[in-house]
Amino acid sequence: MPYVNIKITREGATAAQKAELIKGVTDLLVNVLGKNPATTVVVIDEVDTDNWGIGGESVTTRRRRGQ
Amino acid sequence: MPYVNIKITREGATAAQKAELIKGVTDLLVNVLGKNPATTVVVIDEVDTDNWGIGGESVTTRRRRGQ
Amino acid sequence: MPYVNIKITREGATAAQKAELIKGVTDLLVNVLGKNPATTVVVIDEVDTDNWGIGGESVTTRRRRGQ
Amino acid sequence: MPYVNIKITREGATAAQKAELIKGVTDLLVNVLGKNPATTVVVIDEVDTDNWGIGGESVTTRRRRGQ
Amino acid sequence: MPYVNIKITREGATAAQKAELIKGVTDLLVNVLGKNPATTVVVIDEVDTDNWGIGGESVTTRRRRGQ
Amino acid sequence: MPYVNIKITREGATAAQKAELIKGVTDLLVNVLGKNPATTVVVIDEVDTDNWGIGGESVTTRRRRGQ
């Protein structure tokens, strides 16, 4: 019955890619720890690049510099 | 001074229902643990069904099958 | 299939009290939003009073002053 | 390599203010704990006032009363 | 630069199994979304079975019944 | 009424350092966004190095290599 929260920047992940993350993380918990997939919950949060910081600055600022 | 985070799928919960959740959780913490309601914080996150997985698939896919 | 995270200070909540929180929050989600209890997950985090701040100071400091 | 999550109500914080929060929290972790800023992540969540409760009621309700 | 939080019950996951989860989730984010592993953070929380509820009761109670 | 969660590895942060983080983050939210410190909550989670991953491996493994 694990719970997994994945936070990524909102930069165009498709429904198919998100489904792949959900499937991949669930399989991993089944394979590594024998968890029950039926009660394994995965929540993906997509966060605006203005609201995500790393190295003391926002991802918006980094993307503008080409990073 | 508890902090409660409720995550639900974004499927039309009304402001009145969310107010009822806030009131109900706060009352519960007051009644069970004697917490101070004035500093009890409740945050509700509504998550797109594409971004919520259970049983290895998204809620969007499950809803499409009528689950 | 909601997920609820309750954070409280670690100040002696008993297993019975925590069971009451789990039952109460689950019932609330069933009653207010018609959620399925079988896939409703509740996680309680108990946090040391040194690690919880409010009003700019730790709960340890507040408790020492009788608050 | 700390991770910081800041949750505030969605009430008009600007990109510049959010950049200031990201910079300020990162500097704090560098200064107090000697953390490496390059792997310090800050995520800001802006939450609708209907979805934030304190004192058993939503911030929407409190704002309406002038609080 | 994703952030992933995995919550599981504290029931004896080994350091090797946790390393496998960290590796597996990081690889998944690289493969599905092309994320940079160097800034991909994974945090695993192990939660006492008294503090984890599903179906309105704690995992401690469920384990006692053999579930 | 912000809520801030700071996650760091459990590597000996003192109560004084944690108090400094609580004070610093609260002041930042007051100064940048005019938030009310009385209802600003800060929760610090200290995470075992086995349970924190970056770059696809645990911090335990990185520390062993001198990183």
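The letters A, B, C, D, E and F name the chains in turn, as written, and every chain counts its residues from 1.
Everything below uses one rule, namely that contacts are C-beta pairs under 8 Å (C-beta built on N, C-alpha and C of every residue); 3 or more make two chains touch, one makes a residue touch a chain.
What you see is a predicted model; the values in this text were computed from it and never measured.
The set of chains in contact with chain B as well as chain D comprises A, F.
Separation of chain B from chain E in touch steps, taking the shortest path, is 2. Shared contact partners of chain C and chain F comprise B, E.
Counting every residue number used by either copy at the chain D-chain E contact, over half are found in both chains. With angles rounded to a multiple of 5, the C-alpha fit of chain C against chain E returns 120 degrees of rotation. Each chain gets a centre from the mean of its Cα atoms; the one farthest from the centre of chain F is B. Averaging Cα atoms per chain gives one point for each, and the point farthest from that of chain D is the centre of E. Put simply, the C-alpha centre of chain A and that of chain D have 20 angstrom between them. Computed from the mean C-alpha positions, the centre of chain A lies at a distance of 25 Å from the centre of chain C. Residues of chain B found to touch two or more other chains are 1, 3, 7, 21, 25, 39, 41, 43, 45, 52, 54. Taken chain by chain, the contacts fit none of the simple shapes, being neither an open path, a ring, a star, nor a full set of pairwise contacts.
Interfaces, counted as pairs of touching chains, are A-B, A-C, A-D, A-E, B-C, B-D, B-F, C-E, C-F, D-E, D-F, E-F.
Taken together, the chain F residues at the contact with chain E in this complex read 7, 45, 47, 50-58, 60-61.
Chain C contributes residues 1-9, 13, 17, 20-21, 24-25, 28-29, 32-33, 35, 39, 52, 54, 59 to its touches with chain B in the complex. In the complex of the two chains, the chain D residues touching chain A come out as 15, 18-19, 21-23, 25-27, 37-46. Across the interface of their complex, chain E is touched by residues 1, 3, 39, 41, 43 of chain D.
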